């Protein structure tokens, strides 16, 4: 689908999908970088996103990872559905801003393997707080994709 | 910690933790059933929670699974931190209401293995839409837990 | 593929596949129970299978889980390929004999979700030593399956 | 434990552990490279290791990944036990030789997060055939480690 698209086209495509997802809008997911096989989703911290100690909720870590991985896949194969994803919580997720940087490990006709690193950004330092991976299936023919 | 607590005590404990997490409040996570080694977290559908096709966002599936697993663990070992969790997206998550039912598979001094089934509830039918599992570590001494 | 086959037919099918895999023969994997959506693979302990403390090697735990899950899937959709599998090592795997009991959680046209419990059998007791899950894809047209 | 050890010391340590595991000897696991936080385990193909189509059995992929990850962890924290590992089967694993290259993502006092890439080596080309990750716990005081 996205075979011959420029990075700018891909960015537009991904931003449109991001904008059409209510939860992404509510959370404030921002698509910051997109190229063939890669996507970054960023998020500004706010108190609503905390777990009981005030860190970024692990569910949001997963949502960022799953979303960034899906967008990375979209740039290579078009619409996809997540089948499986996993999240490693390496450190307490504390920061002003978070960035999930995903890339495609292996695209395929029916499945796409992706991986993601999630950083907490504070001033000029960035800290790896989580890693994750998502296995997606290509959504054939339809608005059924994720 | 929770060795001799009644189900009612455990429910109170878990509801307090749930109430102290900003994200859980925002989403509307409700603790419906708690007993030693088991916890159910429910969620009412609303449009804010959708992905781009209007299904429940996979990130929310993960947040429900991770949260219910954590609460199941809390009933046996006290405060815990999620280390790793994974989510299988079996079917499009469409429903009026969702219930994540978690149980402890193997408690331990440092680690707790848990598993979870997530159902979409619509009228009188319930459909298994996702499964998942969480590996947690016991949070020793401190408000550091998740 | 296996829609109308009796349990006996399914058992024969699965045993043929098991017998055609060199590693399964070397390890001594035995197919003990097969029905639609379910399969059990058993293994007799011997010293060759140990890790450095003499427990069953975690790699063999994974091989049993992956194999039993694949066979459970085969009974519903025919030949499959494992895409992803995971293993939880709950306790040291010590026993005279081991049994991996897998079942299909969700079959599909392109993907099959399965889960497995792995027991150590000693005299008359059985102990859950590991759990795992496998996500498989249907192998279309060919000897390409796993 | 391994704080001040040279790469040569680490290699000796890891090779000793590898040599003391019966399954590793049977399979023919060879420790080829070791440095602080990193380990590579190699394996020569032979027919005994095949699944039913003659590819390297997914169970061996997992055994290589789990083993290489464990050895990478050992170089930083001493003896460890695998709690959880997962395997992504990207392509049919066909080759004369295989190399699992693992590294520590995040070491800790109780837990170590690791990741691994598994290559099929044939003449002068290497192909990424699987990826995986292992979450390990530090084995305190005893010959109980994995």
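The first chain written gets the first letter, and so on, giving A, B, C and D; residue counts start at 1 in each chain.
Criterion: a contact is a pair of C-beta atoms (placed from the backbone, for glycine too) under 8 Å apart; a residue touches a chain by one contact, two chains touch by 3 or more.
All values derive from a computational prediction rather than experimental measurement.
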| item | value |
| --- | --- |
| Equivalent interface positions on chain A and chain D, same or different at half | same |
| Far-end chain from chain A, centres as C-alpha averages | C |
| Where chain A and chain D are represented by their mean Cα positions, the distance between them in whole Å | 29 |
| Separation of mean Cα positions, chain B and chain A [Å, integer] | 22 |
| Sequence positions of chain C contacting 2 or more other chains | 83-84, 86, 88, 135 |
| Chain D - residues contacting chain C, complex | 17, 20-24, 26, 47-55, 57-60, 62-64, 66-67, 81-89, 92, 143-146 |
| Residues on chain A engaged by chain D in the complex (per definition of touch) | 86, 88, 90-91, 105-106, 113, 115, 128, 131, 133, 135 |
| Contact set on chain B toward chain D in their complex | 83-84, 86, 110-111, 135, 137 |
